[in-house]
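Several structures are given next for inspection.
In the two complexes that follow, subunit A is the common piece, with subunit B as its partner first and subunit C second.
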Partner chain A sequence: MATSEKKSLTGFFWAWGIITAVGVVLSIWLPQRYMPEAMSNDAHLTMTTMILFSICAAPVAAGVYAGALHILRNYRYRGEGVPPAAEQIREHTKLLVTWLTASAILTVFVLVWGLGALASENSNTSSNPLVVDVTGQQWIWSFSYPGSHVQSNELYLPENREVEFRVTSEDVTHGFWVVNMGVQVDANPGTITTIHTTPDKLGVFEVRCEQFCGLNHAFMDAVGYVVTPQKFTSWLAAQPQQS
Partner chain B sequence: MDRSKSLGVALASVLIGGGVLAVAGFALASSTPHQTALHCVESSTAAHTCNLQLSTFPDSLEGVHGKNGGPHPDWVTYSNDNIVVPANTTIDVTIDQYDTGGSLNNPFFDRVYGTIGGNYTVNGKTYSHWNANDVGHTFTLRGIPGNGKTLFVSVPLPYNHGSKFPVKIGVGVYPKPVVVQFSFKTGGKAVYEWNCEFPCGGSREGQGFGEAMSSFGYMSGTMTVE
Partner chain C sequence: MTTTLEPTESVTQPRGGGLARRQNFGTAVAGGVIFAFLGWLLARKLFYTGSDNFSDQVAVMTCVGWMIGFWIGIGAFNAPFKWLLGNDNSRDDDLYYAGHNQGRARYWKYTTDHKVVGVQYIIVTMGLLGVGGILAMAIRTELITPGTHFVNQQVYNSFIAIHGMVMILALIVAVAGPWGNFVMPIMIGARDMAFPRLNALSLWSLVSAATLLVGTLAVGGLPVGWVVLGTVADQAGVGMDFFAMAIVVFTVSTTVASVNLITTVISMRTKGMTLDRLPIFVWGTVVTAALALYAFPFFFIAEANQILDRTVSTSFYVATGGGTSWLQANLFWLMGHPEVYVILIPAVAALFEISTVMARKPLFSYRTAVGAMVSLAGLSAVVWAHHMFTSGWAPSLGGPFMVTTELISIPTGIFFLVLIGTLWRGSVWMRLPTVWMFGFIFNFLIGGVTGIYLSDVPLDEQLHGTMFVTAHFHYIFVGSVLFGAIAALAYWFPKVTGRYLNEFLGRISFWLVFIGIQITFGAMFLSGLKGMPRRDASYSLAFEHTNFISTIGAYIIMIGMLILFGAIVTSWRHGEPSGPNPWHANSLEWLVPTPVPLENFDVMPVVTEDPYHFDKEIVSS
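Coming up: the complex of A and B.
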């Protein structure tokens, strides 16, 4: 390898390292700064997965950007007219093996992690979850708590107890999306779809519809609260009983 | 074409394209068919209280859809869609219900929510809920996502089974109205959305949420607290 080429490759590796470092910092900082606050085990897992995948993607993206910069800087054609054909590189075993090995490791890692995260989200850990029947209707959510005859347009959940949402629709397809819980599932008419999560942070959250469902779809949201188990029991007792 | 000229052409294309999109957006936004605002009328008998009068009709001949009922004279409608009320005030609402009805899709809406006392009156008698199979419309008011307001008021408007003495309003003839009255309190300044939750709008996949229920200015609107 000629000295000038080594010199220019040094620039490439510097650019790759710097862009990777910036990518890693952004991967950690941006989700925590701009994503909704994680309030359940699933939301924490989703956030961790997103950060981890972004970190894995950072060197790949940086390699593309650094490569593009390297080529633009060193191999730009400055002559007149159509540039002559470039030298064909038929084989570069070291590069090929490195590239394929790194890609395979990254791909297998994100696949295994993703399947594990999915299995974890789909599993229920409690034998006695709080069951909440979720009903979507143009253009409002209502929540009922089986066994209590309570129905509400606000979603109250106790902290640190697994919740089983049984989601359905009275009319068209809606999308039950509890933003801060990392829970998202379609609400289909005539079908009950079940999804679990465990709220682990006290506070206020938002329930939205994420399937376009008609004129007032944009207004189809509900307010939710994660409260202590004692407050949840008090709230439940204070609600009017539905017939 | 030299480089600076082609750059200028590209820039001009972007600016002209952006301008066309902006004009189209403003034109669409300003053409949203909001009616003239209905202001709550200050009560002469109680402090910090105002009266709001609404009606629900089986057609659009009455209300504010223009001469002959506008483009869809056979669609059900509320009398107004754009309501303006003062902040931190008790709103006494009267709704004259002239329409027929049937069964709610979701019995959640057979109950009264968010009113003072948790109930309402129908033709002068007090109730906290109504038979879910005997409802004409609902008046359901809630916060708009993101505005941080959680006001929620919902009342079922009973089925009007007709009367021996119909009333004539404008060019329409309707049964004597079922008179629904309730009160709620407003908080600070905000914009809320209200709509009907009874399937009264013609078929949309057989669920009654098409036509008047899927068009601005008929069975939904905004309430501005100012």
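Coming up: the complex of A and C.
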């Protein structure tokens, strides 16, 4: 019986370090390069969470990859025919306990962070949010501003004021998604669902449908604008009034 | 059956039995078509033509006719009818139904031999993967540039739904079907499954259900997405009825198969095969079967409600009648998330099995591995609403479901520990199954980590419904489960055919598929991060480059899969002969001759230890 010897772990640790470093760089770079411009408090939180989780995942993923590389480099049988039996190791309690502890700690961290973020999203501090009624129908979004009799297919929002979207549908289920603000909720027929967010950056943003809703689902988009409160008031006043 | 058969095959063909001896797949299709026509005719006479539900009633009756005719045509009712008439199958009948001395013809029949059923599952899986793959290529071709070019939106919308459901069906059976049937009974030292006739029933029910599912393309398609959300499905045409009927029959098939697997492992183990000596793959199939038994009835109810809504105007999911599509979504995901683990666990368990043999080492921490599979199955029953974080249903449950979902990373982490731990300090034999296993490790990690983002409610409110989700679960389903299934095929192929799966073609295929996956789904992650929704027939210019790259990658995967298909077909006939135990493994399936004789064992084996002692070889090949 041939026993495979313990190989030096230096290479493993080097690989671990290098892959972790690459992972951390990607964790910071990719979300900022590719995610849509963050235009609300929720979108900023989304970006931070994305980067943080990626950084946490980097050493774990790197550990597994470095382990696989270490096996491929050192424990591959290079002879002909059937490899000889390896040392018949069945358990390694210390490793098992370390692994379980580490994964439990990481899970708890991710959970605590996520629950905290969820709580901060839900604790709407504003007592006077701007209410916007959102209605989805195949395949168009319409927005109305209660109290002003204004209805529009473009979504105008004032900067730095909390918005409460009250979302419903006229026909099938749609998915109301304010892309740059990191919030989405389904528009269900016969029910009103709500979400809150606070736009904090002036500019153009997009609204898309993210729940499959039939033939023209792919084209169910709307454009939105975050404007100064003064501009918002004057836009609202300039709109045709619906009775 | 208790008698042992001679391993040598006699030349006399079984006689008698009349028409029942002429039944095969052809008569099943004929029966299905005739009864479908009768159902159609009956419905048109029976129901009021002016009713809103008329077309759905006719479609459902047609499907019911197809199912009954198919079952009669294949011979599923022969034995029960005999029973009702007070007779029973003779020994000769039993031998006939087990496919004794029938050569290749037995693969087209209602054959009860578990090895024949296993091979039938391989063929069904490959057929489903082929249909799903063609649809995938149509989807990616359409998405190569923005705008709609090759298929119109209606057709595209059908393709995404049918691609999704066909692939889910294919992967549910991809490992548990072929190997849960072919090798599992031999592994535990049984002569067949506990209920051989139910085994054939589950296989042929799957075939007829899959036919209905693909048949939706011929009756107007299924332009509603694979989750068939209640409200939008309500607008769909008769394709939706075909889909719902296909699912109803499919759930019958999985339930029958699960009961059979569980009963076999509980009651048919040979002497000395205690639970802690079971090969780990057997544990995997039992846990999977138990989970399927829990999960699929929800799917049955979800689709039965849809049929009732459409045919007799109930309003389970219709808002104007007081129903809600949240009910449909809950029922669907109560099935849908356990189903992910029904798909995953057999592949992981097969890789555990392969890792020990290829590393010439016992499985690292056997009990922990079993515990991880069981706890994963348990947890998966209480995570379903993470698919509904943004649906508006019960927002206060976001937190609890986030907790249960993220706990899944602990048993999943153990899977990595067991695999890496088994290979560590082994004598790793780099054969085809091992190569695909390393691919699994690479992809499963990416699929797993990206799942953690989606389990986080605030992050999910950005990523839900985007291509990020699509890329995530394709890394799991294609990058991990399919890799596990191919590793399992390469590993057990010699037991089925007596030949190796071509190593050279297999490795070329591996590299193409592996690289193709990184390109396709890597770019798809970026599409999703940028904000591209799923299921869109067209997209804005912002997603142009990443989609182009994904499509190129998809073609690379296709070429790789075609090469693998070529390798399977050629190796089956002309591959290098392998002998009965090419991997020098000690589990029972390798200790019987190849081809495995009917009823597997001449003398029932007695088991004295688990199969993972590689320092002493029981039988050389």
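One rule holds for everything that comes next: the second predicted complex is superposed on the first by the 228 of 243 C-alpha atoms of A that agree within 3 Å, B and C clash if a C-alpha of one lies under 4 Å from a C-alpha of the other, contacts with A are read in each partner's own complex, and residues count from 1 in each chain.
Assume contacts are C-beta pairs under 8 Å (C-beta built on N, C-alpha and C of every residue); 3 or more make two chains touch, one makes a residue touch a chain.
These numbers come from a predicted model, not from an experiment.
Aligning the shared subunit A places subunit B and subunit C in steric conflict. Of the two partner chains placed by the overlay, only subunit C lies in contact with A:Leu111; subunit B stays clear of it. Legend: residue contacts after superposition of the two complexes on their common chain; A:Asp186 is shown touching subunit C, with no touch to subunit B.
In the superposed pair of complexes, A:Gly147 makes contact with neither subunit B nor subunit C.
Taking subunit B and subunit C in turn and counting the residues of subunit A each one touches, the greater count comes from C. By the touch criterion defined above, A:Trp99 reaches subunit C but does not reach subunit B. In the overlay built on the shared chain, the residue A:Tyr65 is in contact with subunit C alone; subunit B does not reach it.
By the touch criterion defined above, A:Val223 lies against subunit B but remains apart from subunit C after alignment on the C-alpha atoms of chain A. Contacts of A:Val172 after superposition: both subunit B and subunit C are touched. Once the two structures sit on top of each other via chain A, subunit C runs into subunit B at 8-16, and not at any other stretch of 8-16, 116-124 or 152-160.
Subunit A residues in contact with subunit B (one complex) as well as with subunit C (other complex) are 171-172, 206, 208, 214-216, 218-219, 221. Every residue of subunit C that touches subunit A in the complex is listed here, in rising order: 153-154, 157, 223-225, 227, 229-232, 234-235, 319-320, 324-326, 359-366, 368, 390-392, 395, 398-399, 402-403, 406-407, 409-410, 413-414, 416-417, 420-421, 423-430, 438, 441-442, 445-446, 449, 452-453, 455-459, 461-462, 464-466, 526, 529-531, 533-540, 584, 612-615.
Interface residues of subunit A, counted against subunit B in their complex, comprise 135, 137-140, 142, 151, 153-154, 170-172, 206, 208, 214-216, 218-219, 221, 223, 240, 242-243. Across the complex, subunit B meets subunit A through its residues 105-108, 111, 113, 118, 128-129, 140, 142-145, 150, 152, 154, 193, 195, 197, 199, 204-205, 207, 209, 213-216, 220. By the touch rule above, subunit A contacts subunit C in their complex via residues 1-2, 4, 6, 30-31, 34-36, 42-43, 45-46, 49-50, 53, 57, 60-61, 64-65, 67-68, 70-72, 75-77, 82-92, 95-96, 99-100, 103-104, 106-107, 110-111, 114-115, 117-118, 121-122, 167, 169, 171-173, 175, 177, 179, 182-186, 188-191, 193, 195, 206, 208-219, 221.
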